[in-house]
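The following pair of complexes shares a single chain, chain A, combined with chain B in the former and chain C in the latter.
Let's turn to the complex of A and B:
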């Protein structure tokens, strides 16, 4: 499957070119347009596993309950968009594993397994999802971001604000922690939670934090008037 | 205790585009930078972060409640022998402005400040009734001293040299120098002002360079509000 990105980095879409028999699995809501003979089925899971529980778990990861399966009967195109202004990255898995943070998953080829990974109690405090998505297998994964994406090759230790994580290679260990020396400082600093990556591997960060944008906006929003 | 290198931050890489700007700041050994809470996107683990009260207790209280800034401020310090980087961003999509102050003052929209070198002072000063009615608040954020500052802009930035009067919506005013006087003006007649929600606009008078931002968070909220609850 060939995937072309267009209109980046502020309004990126992914144009997926499918050959006959190929299937693209996309998050509900990502679909924008398509051309050609395509069968679409909607499920709460990937083929061969899960079920409703997986769908429910996906909600906790900040993703949608449903997955759409686009199967091409002949050469076709499926166009995917994203809710926030920002960029898209396409990562090809070759047996390696990728962890995708809060709401970043858009779509993948059908030979990619997506599963939910419980991030442990520590992730509850991070303000991000309790589950992150783990992608493994063979094939391309499409991931979105708020703003543009910059990769960092970690060798040793590196710190990313939890709201700025897009995805990272599973070879990295991480702990949810604080940027300051003491916990009191951490609570007062307003930096919130950070993710301390350790080991060797790549982490992709987004230039902007969707939560900060929301916090900027909410004081100006009005409650429902009866 | 290592000696603090107070030379201005020299190596800054501007990444992204004006719709999503990100700064990569390289701190030399011993160098420190004052950063607003929440501005750090990612950084090398060797950097130290220290949280202090912003400009002393009294000013910090004013800054927090009247200046739209934070009570606490973070010092990013590089105690390492090698230069280390930190990425800085802002909450809204848009441009980041870098500016050198040379013994001068500048008024910046509350909440816009991202980082500054330690010789720049921030305080909340009385802005006058006109500013308050115009939606800008009774107090304004005053930057002074000599050093480098970075502040965020929602959307793109427009710089305008004003000679005489210039009228601007308060949500779009990013910065202006102390030579400019603020006063109020109705956008149209009283009736059309109420009707169009432009209401009261700010009038800047004098001679100086002002900066505008092409988007306004209040504008976005005004557009969103009627759409939420059908």
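Let's turn to the complex of A and C:
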């Protein structure tokens, strides 16, 4: 499957070119357009594993409960978009594993397994979702971001704000901690929690933090009645 | 008419040179700046149906008085803009994507059939542009032009405009399970010959995302 990125970094879409028999698994809501003979089925899981429980878990990770499977009967194209203005990255897995932060998953080839990974109690306090998605196997994964994406090769130690993590290689260890030694400084600076990566591997970061953007909007949005 | 669209695709911005005594029609409140000899008149365009849909009932009509003038136009949402020249042709726009048109083109609001209007993200109305002249329209994200063929399917929320001769019906993506569960709802399947213009972002997704950031107000009783 060939995946082409276009109109980046703000209006980005992924154009996936499918050969006969190939399947693309995409998050519900990502579909924009398709050309060619494509069969579409919707499941709560990937074919050959999981089920409702996996679907429920996916909600906790900030993803859609449902996955759409696009199977090409002949050469066709499926176009995928992203909800926020931002970029897309295509990462090819070759037996290695990638951890994708909440809400970042868009689609993958059918030979990629996606599962949820419990990030430990600490991640609850980080406000970034309890589960992150772990992608493994062989094939391409499509991930979205808010703003543009920049990679960082970690060798030793590096710190990223939890809201700016897009994905990272599983070879890295990490711990979530407060941004400063002092609770007061961490709170007043607005930085809150950070992720401290250790070891050797690559982290992809997004230039903007969707949560900060959302919180800027809050005073201007009509309150929900309860 | 002579024009330029700058800062595509994020902050597309249109400047039109209007020859003396010519008219330019623009979406209400979209004018950003203009030369001092431009004369503005509010043109009643809507009927009862437009009133019901909550859209603006008026179009702005700009006339160049005496000498040539120019109007700079920026639509409400930031995004891309596109232009098409009509040559005794008909062209359809999602109502929210209309920006401006020149003299010689007739602007008509078209009520979609019940099923089409109800189901398509374009809303109840389409704008039917007919005649010879210029039409400008906007979209969220980048506007992409697609050639229609028999196996083209597009999500409702991404459709901006289409040319005459293009037919579409509303279908569900996949089976009935997809309809309720896929998160995609309805999509348009196109037939016939012509062009469809799509936007790479859809406003509905942004709105759905922003919902999570609304405050919760408790009622007192």
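What to note about this one:
Just so we're on the same page, the second predicted complex is superposed on the first by the 223 of 226 C-alpha atoms of A that agree within 3 Å, B and C clash if a C-alpha of one lies under 4 Å from a C-alpha of the other, contacts with A are read in each partner's own complex, and residues count from 1 in each chain.
By our rule, contacts are C-beta pairs under 8 Å (C-beta built on N, C-alpha and C of every residue); 3 or more make two chains touch, one makes a residue touch a chain.
On a predicted model such as this, the values are computed, not experimentally measured, just so you know.
Per the definitions stated earlier, placing chain B and chain C onto a shared chain A by superposition produces no clash, and the two fit side by side. On the chain A superposition, the C-alpha centres give an angle at chain A of 70° between chain B and chain C, rounded to a multiple of 10.
When the shared chain is aligned, chain B and chain C each come close enough to touch A:222.
When both complexes are overlaid on chain A, the residue A:196 reaches chain B alone and has no touch with chain C. Contacts of A:148 after superposition on the shared chain: chain B is touched, whereas chain C is not. In the superposed pair of complexes, A:136 makes contact with neither chain B nor chain C. In the superposed pair of complexes, A:177 makes contact with neither chain B nor chain C.
Of the two partner chains placed by the overlay, only chain B lies in contact with A:205; chain C stays clear of it. When the two complexes are overlaid on their common chain A, residue A:158 makes contact with chain B while staying clear of chain C. By the document's definition of touching, of the two partners only chain C reaches A:35; chain B does not.
Remark: least CA distance from chain B to chain C after fitting both complexes onto chain A is 7 Å. Across the two superposed structures, the residue set of chain A contacted by chain B and also by chain C is 10, 85, 215, 217, 221-222, 224-225. Put simply, chain B touches chain A in their complex at residues 15-17, 19-22, 37-38, 40-46, 48-51, 70-72, 74, 87, 89-93, 111, 217-218, 220-222, 224-225, 228-229. For chain C in complex with chain A, the residues that touch the partner chain are 9-10, 79-80, 141-142, 144, 146, 149, 151-155, 158, 173-175, 177-178, 181-184, 187, 198, 200-202, 205-206, 208-210, 212-219. Here chain A touches chain B in the complex through residues 9-10, 85-86, 147-148, 150, 152, 156-161, 164, 179-181, 185-186, 188-192, 196, 205-209, 212-213, 215-217, 220-222, 224-225, going by the rule given at the top.
For chain A in complex with chain C, the touching residues are 7, 10-13, 27-29, 31-42, 44, 64-66, 68, 76, 81-85, 210, 214-215, 217-218, 221-226.
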